[in-house]
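For clarity, chains are labelled A, B and C in written order, and residue numbers in each chain start from 1.
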Amino acid sequence: MSFPKTSRRPLAALALATAAAISLAGCAGASADAAAGSTTDAASATSLADFGTMADLEAAAKAEGKLNVIALPRTWANYGEVLDLFAQRYPEITITEQSPDASSAEEIQAAKANEGLDTAPDVFDLGLAVALQNTDRFAAYKVATFGDIPAALAEPSGLFVGDYGGYMSIGYDSARFPAPTSLSDLLKPAYKGAVAINGDPTQAGSAFAAVGMAAVQNGGTLDDFTPGIEFFGKLNAAGNFLKVDPTDATIASGETPVVFDWDYLNAAQTSAVPTWKTVVLPGTGYAGYYNQAINKDAPNPAAARLWQEFLYSDEVQNLWLKGGARPARMDAMTTAGTIDSALAAALPTAPSETVVPTEAQSTAAGTLLGQKWATAVQ
Amino acid sequence: MAVVNPLAPGRGARWVIGVGVGLLFAVPFAATVLFTLTPLPGGSGLSVDRWIALVDPANAAKYRPLWTGLGNSLTLAGVTVLLVLGLFTPTMVLVALAFPRLRRVFEFVALLPISLPAIVLVVGLTPLYLQIGRTLGTGAWTLAFAYGILVLPFAYRSIQASIDAIDVKTLSEAARTLGAGWGSVLLRVIVPNLRQGLLAAALISVAVVLGEFTIASLLNRQTLQTALIVVNKQDGYVAAIFTLLALALAFVLLLVIGRVGRIGVGRKT
Amino acid sequence: MTVLDRVVAPAAPEPSAPAPRGAARPGWAWLGLLPFAAYVVLFLVVPTVVAVGSGFVDGHGSFTLDNLAALGDPLVLTAFGNSALVSLVTAVIGAVVGALVCWAMLGLPETGVVRTAVDAASGVLAQFGGVMLAFVLIAAIGAQGVVTVLLRQLTGISLYENGVWLYDLPGVMVAYLIFQVPLMVITFLPALAALKPQWVEAHLTLGGTPAGFWRHVGMPVLAPSFLASLLLLFANAFSSYATAAALASQGSQIVPLQIRTALTSETVLGRENLAGVLALGMIVVVAVVMGLYALVQRRAARWQS
């Protein structure tokens, strides 16, 4: 008989909400237009020459005032110092660090989910497999020092460029464990309940690399990861395999004292555990490079390109070296003498042979792991 | 005048349960506090050095994302609670009053959001939020719509428990016969009786918003949890300290809300 | 109509008869449902359909039923089994322990310190999860955890004689209990608090015993809310994955982890559509459990009347 009052209430609330939404949209719309107007040139720039000089690029980036980076943990290859240096040098550009834990696939998904919005990531740092599959999302850009980068590490038109890399290594707390000289050492009772890998190989790139390294160290090749899977099966059967995900906290608390990870990530653990040592097993070394790419859809294209130029400058390449990673321009810088030789000497000795999987090998290994891994480590 | 509830257990049983469960829950957090008191390399015993390092001004820039995230999360919590109180509650009362048959459907719908992991929901929310981003902007507050859905199962359970305990039909009929309009019926008759459920719903809503990470992260919004992940990446000890601080903050916030929500309890009308 | 009628016959949680007056609801009432319906359709139904629908298209966007074959994969079936087991165990234990805590809190004044604090703590812990929950547990009972070390030093008992069970399903269950019990406390307390003390007094006056009260009045009245909270706990555990991802990181042993691998893996690419089918499987499981719950509710309601 008298429901009208009830029904008017939600309608009124809806009207109020709509009004609020429209006014907020007005603000958002305005800022988006302002940004779009100034960046139509930057988005199509393919090298520094398109801007003019470095100062022109810096001015264009500062006009944008923002930079969205994604998946750059501060302790990963010393990215913390790199980000701080950029913020210090260009205080007009506010860096927004998004999702430091994101995998390469999640970075691309973030770009898709925020297409055209100001929250889209400007630059990516991707594993090779994901980079190869998503080149249609990148904007080609060749940094000023592009010539220094080995051809094998860069896509010819600059769609994605290798930035730093390292070898799969074994990090361990030297106060509690002897140095492993070969993989079979890890099967001994001394390492009971101690060995972990950084994630699940069907999910994370570094764990995948750990299995690959185990495969090549056990006499196999990258075409077939089975020896690697079998090694971890044996490790699990011996009771030496820890199935927890090692983090900075678990390493600091001593819960995961032996970890398979990239050598630069293991190197960073000495700040928490002073007795942490990293060993790259001799013989065949499994290496991996990460790759820089610019989002074709970047909301701040000039800032993105400035970030690229910044990353490939001598200073920042040395910062990556400080983090224990091998920067892409390392060979050229060593020849030119601009590399920090003390840091370079501190890197673990490179094994005599280095292998990097191709796209085909990665896909085959991925399928194999999907089928065999879960049962092997039950 | 303290009324002893005859349903309640005696003091002995209460203490056993309280201390038993309380200890079990306290142990992990005590262990974490011990972990954060690990001395810096070279020291020994326990030390508060790592806590003190937090307030070091040199590190202030690293914690900047936290302030933005916290502000966004608090705003989101407010909007979500508004949604729960302003949209869910009247609808649930309406269903109880006029559409009792819809209850089963409502229950299933209310259970759906936690039947699916957040990463799957995000797959579906992404195109929607793309449009929202284009029309309403990319401010973090728009996440409240998704958070309302996440909160729905918990809020529904709490409010429904209270609705079931009171006879809504009789109450509203009595009020209407006495001349109250529907607004008065809702606000002055029904809602005060639902206070327990509404308070519980509000508390869990705030807790969900403060603790939610996946959707905010995948939609690239800055909230407390996404900021914590960024800041926690510095080292393991900082991560543990900030976890404890974030939990303590949420606890204090819920305590305050709980006290405010209970003003007027015990007053016999 | 006397007070006694109200006391002895509580509000029936299971509506058994249609509304006696005004059976044809005026349009106004339906209009009142509109805002909520619109909201739910837009932010829940549509995303769910999109997410589940992604399981029925292949990489090129054309309709296919091939992904459904994945549901027959023994690894996936084991994952569903594991998920159901973990959810069931943590739901039951969480519900029982949570109900006990609620019961213990009944005797305390509502505005008192203890109840407000426990409410707040429950709210906070009910939403705690992920890497940090895993770490908090590891700090306590991990292989190098405080409790483990103390236990070994004081009594010589080693928790992990036969392998570290913490990093497997049993450990995941322990971790889940840390948020399941508080969730039960926060959702069940309103129901328990609504049990009117007058009923006990009436029961006792009429010659009953306290135990008899619980058996004939208390439990039947609380059963629907208890079961509903149990259902909520089950669904909550069923869809949680961040804690398990950190704790039992190898092998994607539960369904949400399989979904995570399908959607976000760096190494096995191109399987995003599998996530949609797995999500459909999850919805089916929860729907089945809901069906069982509705069955039990109907039984309980019959017992009541």
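Definition applied: a contact is a pair of C-beta atoms (placed from the backbone, for glycine too) under 8 Å apart; a residue touches a chain by one contact, two chains touch by 3 or more.
Owing to the predicted nature of the structure, the values given are computational and were not obtained by experimental measurement.
Across B-C and A-C, it is B-C that has more C-beta pairs touching.
Ranked by separation of Cα centres from chain C, the top chain is A. One simple way to say how far apart two chains are is to compare their mean CA positions; for chain A and chain B this gives 33 Å. With centres defined as mean CA coordinates, chain C is found 16 Å away from chain B. One inter-chain figure worth recording: chain A and chain C are separated by 36 Å, centre to centre, where each centre is the mean of the chain's CA atoms. Within chain A, contacts with two or more other chains are made by residues 3, 6, 10, 13, 106, 109, 247, 249-250, 253. Across the assembly, chain C contributes residues 29, 32, 35-36, 135, 139, 145, 260, 263-264 that each touch 2 or more other chains.
Residue positions 35, 87, 90, 94, 239-240 of chain B are each in touch with at least two other chains. Across the complex, chain A is touched by residues 26, 28-29, 31-32, 34-36, 75, 131, 134-135, 138-139, 142-145, 160, 163-164, 166-168, 245-253, 260-261, 263-269 of chain C. Across the interface of their complex, chain A is touched by residues 35, 38, 41, 61-62, 65, 86-87, 90, 94, 122, 126, 129-130, 133-139, 181-183, 186, 217-222, 226, 229-230, 233-237, 239-240 of chain B.
Only residues 2-9, 11, 13-14, 17-18, 21, 25, 27-32, 34-35, 87-88, 90-91, 94-95, 98-101, 103-104, 107-109, 111-121, 123-125, 127-128, 145-146, 148-149, 152-154, 157-158, 160-162, 164-168, 196-197, 199-200, 203-204, 206-208, 210-214, 232, 239-240, 243, 247, 250-252, 254-255, 258-259, 262, 265-266 of chain B touch chain C when the two sit together in their complex.
In the complex of the two chains, the chain A residues touching chain C come out as 1, 3-4, 6-7, 10-11, 13-14, 103-106, 109, 127, 129-130, 133, 193, 199-205, 208, 239, 241-245, 247, 249-250, 253-255, 362-363, 365-367, 369-370, 373-375, 377-378. Only residues 6, 10-11, 13, 15, 18-19, 25, 29, 32-33, 35-36, 39-40, 42-44, 46-51, 54, 97, 100-101, 103-104, 106-111, 114, 116-117, 119-121, 123-130, 132, 135-137, 139-141, 145-147, 178, 181, 183, 186-191, 193-195, 197, 200-201, 204, 210, 218, 224-225, 228-229, 231-232, 235-236, 238-242, 256, 259-260, 263-264, 272, 275-276, 279, 282-283, 286-287, 290, 294 of chain C touch chain B when the two sit together in their complex.
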